[in-house]
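Order of writing sets the chain letters: A, B, C and D. Residues in each chain are counted from 1.
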């Protein structure tokens, strides 16, 4: 049983009645809910809680952290970002959703601007599976279809992903690398594009399945962490 | 000055008047022509010539081979395929175009089926650049637009490319990894999707630029080839 | 519970008393034995059985195939190789051990010569973990040390692996990419270097752990297989 | 002719007579010198110059920046680091040498700790070529041998490189991914391990050749930079 914490900015839900109606328990609540049904231990944390809900105790008990943010990336304290980053390098999985591409934590782990094109025009999105052997695609058909979503288009300014699992087609003429894995230190990172707040995307069964699969994939590997620094004196090697 | 050989099946041109009209000198002739203008030394070879035009002399003098085939992949002799493969492993560059995805030489170098979806419906194609730092994208804008092309769709059954440079959007709802590099032995391979025989795609300036760039990128690296087999006896290492 | 078949050439064991002494039940027996202890369902198959023990029934019931061969790669029937290849493309995992680098099945999936340097000189090998977040490294320390092994050295003529997990250091001055993953179609391939027949390498607990981890990693992903060929007629897209 | 700026901390040269003797014109002077001989336009910049020698004018006229630092990474102003980073994302090539693994600019582009093992024990290093088709390996034999160097060992905490070109063997039992490429935005990054200040490594012809090759490889690609942000209104697509 993986221990997940779903972090959400939780601002749209309070400010925009439409969003509040779609996600009455917040995007975090909806995600935590389907993860619990899938058998995971899932808690939540939000921006306005003390330490954004990410206290040392919470972080140290989190095996996979899910991140949704948009309006208030700059209100996330740098100190918390550094703690989360350290936890990822130590092995915690991180799943960054949709507008989280511009979160401090994603940008600091990528090293690039993480910028992209976008358009809000109720466009159809199809997320095609390009890595059929990847466990994150388990149970998913040839593509996931979302009737209406915000468009995100290339160029997406990320390092080339270690594995590219989904690529999106949008009605208006753009494509987007929408399911990408990255390894950082002992930790795994998965970026997954869908989830604009004004659409009920996180109720979509395929989207839920991908996030559920990603949690399983991202859980920490149990092994001693590497040792750095001045290495032991040269061992004697017997010449032949 | 790179020495290029443009190989073409050259059957559509003879069998279909429409194709013959678009490419009066054959697809190979058109490609060789713009490569010469770009300053390369470009010869051609076709299926119906003895040894398919790929004699030892020709192959040994070829630094980059371009391959277009479709109707008659199975008429390419296995012996010639093995010679081309060996030349690639020895360092010759290989650029496989469009329906060449199903050529024997591409399949044998990939190890997979190289299968895909396709549809002939005069669809618009946009090839988006996803690797802006790659020399094969030099001089290319954010995307290449082709008003009408055959659709190729995922899943494209290739190994994950070493570098993904272009991804295509098609009007009908599909996407495709349309510019892919692969390293095999001492040689470089570039697969580039566009070029259905019934469209004047190889007259498109952007398409020409990509192929021209790819030739430059694919030329052999000058260094001693690796030595394999039983390695020299263990050298004495002085213990500290 | 993953269904594993351990395939072994099983010739050294019969021809060389030293090998027979180290592996009285054959290399396949030893590997199947520790996989059973790890909770897998593990059968065996060997070269001299009818159809090399790889009948359709066996292959269709195999989720992960392990391959050890050396002396008699050319005695493996091409027809069986093609069946195994098709099963991998359909999703079966494949773990290729040591001298299996020159097996027909590995070469056909790689597309390269798979050649390397080698030396039998009782050298110490250290397999360093370079991908600390990978599940195949679970439970493994910073490196695996094998007191005596055959040396394999670069250049190893494979495509750049999708993930490089281990790199070996050898006493005589060589290094080797010794733990490599490759995705082919719907299937996963893992190459793992150690296991020369004259050393008791497959009794090493770390080596056993890596193979056990790899089986878990390589098991097929459950999803519909991609559909290839002529795609459905263009769907109508409502213009905005 | 590529415009190169060689940046060096230039402190060891002033503080340690041994280093000053090996590199009387500083490490930067030696590197700039062989690059000029190779036909490049090569300037230098050092920590103690105003703005560390990296004024806007210098940076805007630099196509490839080479970086050597060790003692005083923390004295490099964050503002300059951000400017260099922005130039890399805009297309400037960056070559990071040896102890530059811990420079602010490398760490910010990688997103990881960039930590490693090290030992000063006059050990022999062999840098094996594992990517024989890469232009950075042009003219290099199977390996580069350095009689005495500082040891750097895995785990090297970097993202998996886009291309792994060299892997080092060290006498004391360690290996290291010593020649790694990374793409960031429109720019290319190459990390190259050798060059401890107390050894005459940058006079080694193979080391010089690798750096010379890397400059050529890293020069900016000439194309329009991607456009980000709100994309043009959805274009009308004619339904079929």
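The rule we apply is simple: a contact is a pair of C-beta atoms (placed from the backbone, for glycine too) under 8 Å apart; a residue touches a chain by one contact, two chains touch by 3 or more.
Note that this is a predicted model, so its numbers are computed, not measured.
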Each chain counted as touching chain C and chain D at once: A, B
Chain at maximum distance from chain B, centres defined as averaged CA atoms: A
Option in B-C, A-D or A-B whose residue-number contact pairs overlap C-D by over half: A-B
Rounded Å distance, chain B centre to chain D centre (Cα mean): 32
Multi-chain contact sites of chain C, meaning residues that touch two or more partners: 121, 129, 131-132, 142, 153-155, 160, 162-163, 171-174, 183-185, 226-227, 234, 237, 240
Contacting residues of chain A [partner chain B, same complex]: 126, 128-132, 142, 153-156, 160, 163-164, 167-170, 173-175, 177, 234, 236-240
Residue ranges of chain C touching chain B (in the complex, touch as defined): 89, 108-113, 115-119, 121, 123, 151, 153-155, 157, 159-160, 162, 171-174, 182-185, 226-235, 237
Residue ranges of chain C in contact with chain A within the complex: 91, 121, 124, 129, 131-135, 137-142, 162-163, 171-172, 183-188, 221-227, 237, 240
